[in-house]
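To start, the structure under review is shown below, and the notes come after it.
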Amino acid sequence: MSDEPQVQEPEDNGASSAGIIATLAVAGMLAGLLLVVVYEATQPRILAYKEKMMKEAVGLVLQEPASFTTLYLVDGKLTLDLPEDAVEKDFEKVFVGYDEHNSPVGFAVVHNRAGFQDQVKVIFGYDPETGGMMGMKVLESKETPGLGDAIEKDMDFVGQFERVVAPLVGVKKGSGSGDPHEVDMITGATISARAVIRIINEAFERWDPLIKAYDHGGSKDA
Amino acid sequence: MRETTPKQDLFRGIWKENPVLIQMLGLCPALAVTNTVENSLAMGVATFFVLLGSSLSVSLLKKFIPGEVRISTYIMIIATFVTVADMSLEAMVPVVHKKLGAFIALIVVNCMILGRQEAFASKRPVGRALLDAVGVGTGFMIAMVMMGGVREILGMGSFLNIPLFGDNYEPWVVMILPAGGFLTLGFWLLGLNWWAERKKQRQKVLAARESSERRAA
Amino acid sequence: MFGKEFFRHGVHPPEAKDLTADVPIRRVPFPDQIVLPLRQHIGAPSRALVRKGDRVERGDKIAEAGGFVSVAIHASASGTVKDVEKRAHPDGSYVDSIVIDVEAHSAQVPRPRVIPHWEGLDKKELLRAIQDGGLVGMGGAAFPAHVKLSPPPDQKIDTLLLNGCECEPYLTTDHRTMVEYPERCHIGTRILMKVLGVKKAVVGIERNKPDAIKIMRETVPDDLDIEVLPLTVKYPQGAEKMLIKAVMDREVPEGGLPMNVGVVVMNVASVATVAEIFETGQPLIERILTVTGSGIKKPRNLIVPIGMKVGDVIDACGGFTDDACKVIMGGPMMGPAQGNMETPILKGTSGVVVLNEEEAHPQATYPCIKCGHCLDACPVFLDPQHLGSLGLNMEYMEMYDKNHLSTCMLCGCCSYVCPSHIPLSHLFGVAKSALRSEGVRV
Amino acid sequence: MGDLIWILISTVLVNNFTLAYFLGLCPFMGVSARVETALRMGMANIFVLTITSICAWLLNTFLLDHAPYLRVISFIVVIASLVQIVEMVIKKVSPALFKQLGIYLPLITTNCAILGLAIFQTNKEYDFFQGLFFAIGAGLGLTLALVLMASIREDAERAQVPKIAQGMALVLIIAGSLSMAFMGFAGLGSAS
Amino acid sequence: MSKPSLLLTASPHVLGPDSTPRIMWTVVATLIPIIATSVFFFGPSALLILIAAGAGAVLTERLIGRKGSLNDGSAAITGILLGLTLPPGMPLWMAFLGGFFGIAFGKLIFGGLGQNPFNPALLGRAFLQAAFPVAITTWPTTDGPWGALRGDNFALPLMSPKVVDGTTGATPLGLFKFEQTGTGMGNLLMGNTSGSVGETFGLLILICGAYLAWKNYLNWRIPVSIFATVFAFSGILWLVDSSAYQSPMFMLFSGGLMLGAIYMATDMVTSPTTNPGCWIFGAGIGFLVMVIRVWGGLPEGMMYSILFMNALVPFINRSTRPRVFGQQPKARAAKSEEAKS
């Protein structure tokens, strides 16, 4: 099997280098032009969709707050505003949700780590005052269909993250002692379920002190 | 190169010289994204679009493309159309786009497309190049659906997300895993080879019978 | 310096030697016709010196050496040359042979000759006498003896090794030779030690011949350094390279000869014949032969004239049993099966084994299951499994180039152990002859 | 460091480029008839993938932030030309090495593993070292798959394969079996 | 002289006592006690699974294999071994499918007996594991009435088995990996644990293996090197931290290690032909199984370790061919060349 195109010697050897460069430049310019046009046309929709998805996810894990905003980690501190000239995607961020009275209801954190097959990316919301979880959603995973992907689809499993309290402990289904930290694992998909718990615990450990140190007073209320 | 009729240009790629099943080109998408019919179709359409667009451009521009850098130019043209397809899909059907992931960008290195430019579009008038692209693109799409069909039916018990076997169907998860991709294409090739072999045997029997009849006469 | 008395790998086929181990050697009456192929040894065929109608006496030279690696052939019975024509050879081909119609009622006394005493001869004269005596290795390979005995001047030989292993099942030729003619063996050793100029000789005998070990030990002359060394019973202990490994712990290099490691190996029967050539002046015209197996009515050890037909030999042992099924010239591990009872006994034929139906029953073959037993059996550490699959696909050059086909000595160990009964050594033999016909030296 | 090792192991075994992502299928199918050539092809792949990773990182860091729509084009063009340049340099500096790898280099340029690596690396937002380990892992994974396939095929060449299975059908079934065998490594590094 | 009709075949004319069918059927015979104990522990379900897997393998061989190839017994071995590695409660149609896949795509597609790179029984199982990951990891317990089925054996083809509550347990390895619970050594040795049909009674498997090794029907180097590697590997971990890791004996007798080491890894067709190769092969399996058990996502890795090493076998064979008799090591040969010139 030869997948490679048969590279034959070019027939016309007469073309000058200048001609080649000119042709390539023209072709490149045309291609660039076409791309820019399409990019400009599609980008708004793409960004809008991404934002919508993120909004939905944050809304879901913070139990539909009235509004939410983004906090950036700058110099080891969470702040609302980015320093000038900074590019947004260079900074880690968390989301904070507010109720109708503009008082914070909880924080949403995105974190990822290795699951059964590949990275698992999870967003979860929790209330820093009690440590109580408000919701969890798997944003990205390639876990085995029909088995590991239960961490996205098994509503019994996903639903628990509205009631438990961080840090979490995974237990075999039905063998819990009623402790609020306990999360029932998924039979047959223990690794994936455990990965979710570990993601949350890791993120919690990292962000909780930062979040607790964050002073709401100087932000939204003002 | 043999002279061909327009009809041959169109139909050749669909089955007799099917890019995936016969020529074994473009295997990467044919294996990677065919876990459902929907994904297969989306990939097929995207590839079709890129093939059509680049065949058209290459055929139009063939006089201006210097021989020394023609491959690079083809790749550039293809990459342009791929990027267009990538962004359009993301804007129009973000869910499908997410499932196909990086494999849309990888259409650039689908040897099938580059092969058509080098072997056909760069040497033929625009009309013929388009016919060829339509034929090959359709052939690719057919192969994609054949792959996706088997994998979705066995792997999920459905076709185009319509359940076929009721709720209690036990899906064959392996079919939508990578291993299933290899196996499914293997199954299809086995089947096609078996069919071809049978046809050959039959022809042999017929020929033998004919010749014996002739001898008898 | 000495080895562990065994080599690695190899197999243990049933010995089946008790049929003839204790049967004394007897002469047979002369047959009506003798067939002497001109190619009885490795190397160039001999050149016939007689023509149709010539009359020959027993012991007359009737063919001369065809080159350095070649020996003379002598009439093994008095009579008239019927013709020089193509006759069946034990290897299955048809070869130019001198056919002698034996004179009926002849006394068969050799022509009287003047024999100079060997002690008065120098090395060169001794070697010429050995070549003229038609001596070849009598253990099976039939390599001209004088070639072995004349190493190039830069090869220092330190030991003469006498091969008394007789590892092939059934055969008791060498065994009986050692038991009945130990002195002859020692005289031959003395002559050969002089030829080679060595001070040391070792006789390697497998432990399953305790009487031979005992007699050979008892008869060692006081003035010679001859050691009789009992060896582990194992096939193919009698293969030169294996014997050297077992006795001396030296490894003959690939493609090399025993002389490359300072050793010359002679079969005990050949050594006894050396003594005969110099003591009686009688060249190699007869040999000791075991005729045995379940298909023979009276298994015996015989002295037969070279060139006697196998059918005559079998008749001399009472003929076939009713269920006889396979006739093998030589031992059952390496000897070729015979379909023609006209093929003659050669100088290198050490036995005739006849198997009955039960033993010769052909086994069904199965696909190779890669059990690796053949690798454990191969005494020269080849990969018969891989070679076999190459052989089945007729990739002969690949076998030769990359898989050491030329090291294979066709001992048959791999075929013996193969549970799928794949005729491995046969495949290798076929590959070798195919390569040889293309001019490759394997 | 543990992170880097995990990336390496995961790319070689768990998410093998060929057996799980179907990248580099052309050499996997086409250059896997002999172990020796497969090994060389693998080596050439490791080499080119490493270059690719560095290129992609440079492009991502210094160019594509401003013009993401040029991603695919610039990846393919820059990588292809760089490989060509490297090829020429090797030819000059070490003809022996060129003899070993040379003929494979142009074959690799249009290989989907190369572009795939660049794109995956971008999507996963790997930094320089992560990208490097990812590339080496991908190359090692490709080499492993190639060598396994080649050694099995070399044996199968002398097997009495039924007529309908000869050729690519058999290769695909072997690939599927290998892919299933590699599934045992799933979850490696995630359980501890 | 009366000349009988003579047989002309190639030398050697005496052959060893072994034959391929004899080896295969002896292996089958040694499996009988294992089957018996599995029926003792798991009741009729175990027998049903074995019959279904065996039927899948044997019928496939009969229908698309060469004529008469059933006689060599290898298809029967594949079927039985596959059955022994499945959980007793599995639907029969799945076991049948596994037998079919193993024989058709693990063996016949390569040309039948002796030509397959992967162990067909394990390939069949790997297919089932990939296809039906839940059904193949639903382990029934050994207690409960003997005559009762251990799961939904009779689920309709293509349909999911019904989950029977309260009868499933976890294998000792699963218990340890996911719930940090140990299993008593006595139960482990005697096979009184959850697990696949024939993998639990390690001691009996060991005895059968010893018999086969004595007959030279399996290369003892393979199981010995597997045991040694696993023992050493887990021993070191255990000495480092005996609370986090299980003891070497547990590792040896839990899961499919015994069955795999004795009956699967030693499959002549798919293991190396050279003895050094067998050591490497076994050590590789032992190493991989420990890596998967300790750091991998699955509780058990015997099947995958063997399949992976199967794939390496052609390569191992190639690189461990013995030095041919009289062949000069390269360095020495070069030196002697020098000396000559």
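By letter and in written order, the chains are A, B, C, D and E; residue numbering begins at 1 in each of them.
By definition in this document, a contact is a pair of C-beta atoms (placed from the backbone, for glycine too) under 8 Å apart; a residue touches a chain by one contact, two chains touch by 3 or more.
Quick caveat, the model's predicted, so the values are computed rather than measured.
J.: Starting from the defined contact criterion, work out which chains touch subunit C and subunit D both, please.
T.: A chain counts here if it touches both subunit C and subunit D, which gives E.
J.: If I average the C-alpha coordinates per chain and also across every protein chain shown, which chain's average lies closest to the global one?
T.: The most central chain here turns out to be E.
J.: Name the two chains that are joined by the greatest number of C-beta pairs in contact.
T.: C-E
J.: Centre to centre, using CA atoms, which chain is the farthest one from subunit C?
T.: Centre of mass proxy via C-alpha means gives A as farthest from subunit C.
J.: Between subunit C and subunit E, what is the separation of their C-alpha centroids in Å?
T.: Chain centroid spacing, subunit C to subunit E, equals 48 Å.
J.: Could you put a whole-Å number on the gap between the CA centroids of subunit D and subunit E?
T.: Measuring from centre to centre gives 32 Å for this pair.
J.: Please report how many Å separate the Cα centroid of subunit A from that of subunit C, as a whole number.
T.: Taking the mean C-alpha position of each chain, the two centres sit 84 Å apart.
J.: Approximately how many whole Å separate the CA-defined centres of subunit B and subunit D?
T.: Averaging C-alpha atoms per chain gives centres 23 Å apart.
J.: Subunit D: which residues touch two or more other chains?
T.: 26, 29, 69-70, 73, 110, 165, 168, 170, 173, 176-177, 180, 183, 186-187, 189-191
J.: Check each residue of subunit E and list the ones that touch at least two other chains.
T.: Where subunit E meets two or more other chains at a single residue, that happens at 105, 109, 111-112, 115, 127, 130, 133, 177, 297.
J.: Hey, what residues on subunit B touch two or more of the other chains?
T.: 24, 72, 76, 79-80, 83, 87, 111, 114, 173-174, 177, 179-180, 183, 190
J.: Following the definition at the start, I'd like every touching pair of chains, please.
T.: Every touching chain pair, ordered by label, is A-B, A-D, A-E, B-D, B-E, C-D, C-E, D-E.
J.: Which part of subunit E faces subunit D closely enough to touch in the complex?
T.: Of all residues in subunit E, those touching subunit D are 105-106, 108-112, 115, 117-118, 123, 126-127, 129-130, 177, 288, 291-292, 294-298, 301, 303-305, 307-308, 310-312, 314-315, 318.
J.: Given the complex with subunit D, which residues does subunit C contribute to the contact?
T.: Counting only subunit C, the residues touching subunit D are 389-390, 392-393.
J.: Which positions of subunit A touch subunit E when the two form their complex?
T.: Residues 116, 144, 146-147, 172, 185, 188, 190-191 of subunit A touch subunit E in their complex.
J.: What part of subunit D is in contact with subunit E in the complex they form?
T.: Against subunit E, the touching part of subunit D is residues 35, 147-148, 151-152, 154-156, 159-162, 165, 170, 173-174, 176-178, 180-192.
J.: Quick one: in the complex, what on subunit D touches subunit C?
T.: For this pair, the touching residues of subunit D are 158.
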